[in-house]
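Chain lettering (A, B, C and D) follows the sequence in which the chains are written, and residue indices restart at 1 in each chain.
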Amino acid sequence: MSEPHANARAGDLAFLSGPRGHSLTVKLTPGERVQSMHGVIQHEDIIGREWGTQISTHLGTIFTILQPALDDLLRDIERASQVIYPKDIGYILLNLGVGPGARVIEAGTGSGALTVALAHTVGEHGHVYSYETRDKAQALARQNLQHLGLDARVTLHLRDIGEGFFEQNIPAIFLDLPNPEDYLAQVRAALQPGGFFGCILPTTNQVSKALEALKQHAFGFVEVSELMHRYYKASAGRLRPADTMVAHTGFLIFARRLAEGLHAER
Amino acid sequence: MSEPHANARAGDLAFLSGPRGHSLTVKLTPGERVQSMHGVIQHEDIIGREWGTQISTHLGTIFTILQPALDDLLRDIERASQVIYPKDIGYILLNLGVGPGARVIEAGTGSGALTVALAHTVGEHGHVYSYETRDKAQALARQNLQHLGLDARVTLHLRDIGEGFFEQNIPAIFLDLPNPEDYLAQVRAALQPGGFFGCILPTTNQVSKALEALKQHAFGFVEVSELMHRYYKASAGRLRPADTMVAHTGFLIFARRLAEGLHAER
Amino acid sequence: MSEPHANARAGDLAFLSGPRGHSLTVKLTPGERVQSMHGVIQHEDIIGREWGTQISTHLGTIFTILQPALDDLLRDIERASQVIYPKDIGYILLNLGVGPGARVIEAGTGSGALTVALAHTVGEHGHVYSYETRDKAQALARQNLQHLGLDARVTLHLRDIGEGFFEQNIPAIFLDLPNPEDYLAQVRAALQPGGFFGCILPTTNQVSKALEALKQHAFGFVEVSELMHRYYKASAGRLRPADTMVAHTGFLIFARRLAEGLHAER
Amino acid sequence: MSEPHANARAGDLAFLSGPRGHSLTVKLTPGERVQSMHGVIQHEDIIGREWGTQISTHLGTIFTILQPALDDLLRDIERASQVIYPKDIGYILLNLGVGPGARVIEAGTGSGALTVALAHTVGEHGHVYSYETRDKAQALARQNLQHLGLDARVTLHLRDIGEGFFEQNIPAIFLDLPNPEDYLAQVRAALQPGGFFGCILPTTNQVSKALEALKQHAFGFVEVSELMHRYYKASAGRLRPADTMVAHTGFLIFARRLAEGLHAER
């Protein structure tokens, strides 16, 4: 994820968008070539070109070249497994108070979609600590982070957080696990006083359990919400919502660590 | 917006949350005091305290003290005027590809809510260029940015963007104006090849006009969507959506600058 | 609720719509008059007029006169207490298989909004049996039904349904009570084989309890859903959703009575 | 659509629900048999059985038998073509003031889903006048109505409504056509003073055109809305919304015919 610039350079990630939604992301490397069902493109034919222009395969199929957006990269990761959606990620980043230079913990790592978004957002002066118990998932996340050049900003722990976090005094912790209620003591131990907690849960039963536990562990300013994202057909003369949409990804819970014994509400 | 830390320090912004939703944000300054209908708190009684603890006014009313989240600060700004909502801001940041070190243009500045979010996200090595024609709005935005210590990251221009932007080769531009279709030539002139464009519009008629103009000005990968944000009552035993919700803030449009003459769709 | 016709007649319900959303419904009676903050209208000045025309009070304020829609009447009842919303009522009627000539049970009666809709829908050859334990609520419902001339189609029982329903072999039963799971044995005893069951519940905890009980009592084809109703500003040139909306009324559950021991799913 | 009763009779419509969502609706006729990929069931083996019980094919596959709900029948019709959804139909019936004994006009007939719902709701003493220009669509609708025994309540006209409606002084008219703005003079000519008008339109551009025309033709109390219907997984211990949902069917517009020259708003 290099800085945005006007012309494609060696080492850049390039997003190639072809006919009928066919797209792929490649790292531009002199001497390599893109193979697809639509034909071949030499990386060297892309390097030096202006972003937003078009290029043809040897079979004459046209692809448009762009620097990928974070959103495009997340969608690529998304295809590999059940991950957190872009609509939720933007809101999560905002509600965890995460910005350049921030330190943040997440568990579990999964395929690394949120890890990528966090690493992007904390920048080179921040750091992400990400916990996972399944080594295969961790390996996939590591690969995704390396591919995007974000691995130096992330420490990947292979560890059950029931045994506690290694870090202390961290400003923000996010759990993407089915049972956050089982880890709130560990979260308190690692979280700064007043720090930000968040989690995402698919079922209402899980939300009820998490709410009960948050109360018992002196978290306050608890907020539960969900985001429904509806796309429209982008036609000036026939503007209308798309026929179908994602109805549910998860319920988002955010809270603040208060001093023991407090239960303040917003 | 200082780094998160465990104890309140002089110079910090402090969010004080009292009974029945009464809250306020102050910059902690030795010698000053908070006056409210619930009584007085000396800033010096807050400084040094752990975040997430409680403090009493001279009348015995209890307030909880926290470092404000970006979301809290945006809500404060929001009260002053019609601004972009947090639910939309997170998604806008993600879709403009904005992160640490980024340069980005927005117009109009308004009361500066999105300006604050952008300045927070680009960090001290990035920069925001924000255009506004009404000097009163600009003054309010400047005040909000100074209050949050973000003014060094933002250049506020008092200028009609119909006359063009001062900057060139900028990776991302966002317009919060009723008629983006009138400024797309200027946007192209300032935007990097392949760069990110976004806007927010309340009515479907405006969306139709913008879509028509985006096509004529060779923007591609156009996406139109809306986010519906539904809060829940955070009660473990009586979990249910809130009674009412915001039904609409605006339709979000995102697009990429393509080379002249192209109309690629995602 | 007389048949729709072209001109206002003595005995008709008339909906009078005045300035700034001020409206009222009256039964047209020679010799009576409408008193409002906007002045006086004689009923005799309305009788004989075409529906959809306008009439002036003695102070010169203009009112438009219409035969009330069922929806208008339900909104009037709605103001008096927490009732089932029109958006839900239409879907409930459809899913209970209720039409002209049908017999249907509901509990509790409440202020009678759903009772009115059911009585309207079953017509003069059908019948509604409505149970309530609070005599004040029942009295209000009776008054609403009489006002609309629908009381002959409804039997109002003052009885705790825990003691069972008086009727048997009824094709459809709807419960608007907080704890439907406590009455499913009674529902089975009164409901026709294969008959329609429905209920509305505000919290997810209640829905979980009801689902568990429906399974135990051999109800199948269980459907849980919610309807979100979003109004638009009806402006041709500035079309957009309203600013706020009702976020939640209740979760709707529908099921069919199966033979003992069966758990078929749709 | 015979009256609900406890046991299956010859002549009844029977809804047979088998494994993995496989279902079909048949009219019970002595001597006939149901053929499916799961085996054969003799109609005579169903006749006399209690609804809500189960029956086995000659191959041992189990089907549950029920009297179909109107909703089930509409879903069957729905499969054949683009029709109005149940979520919208309930609300349409309520807002047109349609009940037992009512007379109502609709255009176009399409495959007859709304026609069926209207005919069911007006009962044997009401009547539906339905206009269509395509004879194939009309033939399909006629077949659907006959299959359900509702054809005596419906007059099917093969006619372009631009030439006007045959009926006059009708209390309610619903248009399911792409260009209702072209027929409002004809609607006024057929509609009772104060009568109910409704239409459904997929795009915002169409809504804007219809709103403009309604104003010009002295319709008032105009309401524009949409219904979003979200299903839940009916699991007591894992309650959550379904993964995907229908995002859009159409915008619903309702209005009342006022006297010429009036523009009253609710």
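Simple rule for what comes next: contacts are C-beta pairs under 8 Å (C-beta built on N, C-alpha and C of every residue); 3 or more make two chains touch, one makes a residue touch a chain.
The model shown is predicted, which means the values in this text are computed figures rather than measured ones.
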Minimum number of chain-to-chain contact steps, chain A to chain D: 1
Between the pairs B-D and C-D, the one where more C-beta pairs touch: C-D
Whole-Å gap separating chain B and chain D, where each centre is the average of the chain's CA atoms: 46
Length of the line joining the C-alpha centres of chain B and chain C, rounded to whole Å: 44
Centroid distance [mean C-alpha coordinates] between chain D and chain C, Å: 21
Residue numbers of chain A (touch at least two other chains): 204-205, 207-208, 230-231, 237, 239
Interface residues, chain C side, partner chain D - complex: 1, 3-7, 17, 21, 23, 50-54, 64-67, 69-71, 86-87, 89-95, 97, 99-102, 117, 120-126, 169, 171-172, 192-196, 204, 207-209, 211-212, 215, 220-237, 239, 251, 253, 256-259, 262, 264, 266
List of chain D residues in touch with chain B within their complex: 204-205, 207-208
Contact footprint of chain C on chain B as seen in their complex: 202-205, 230-231, 237-248
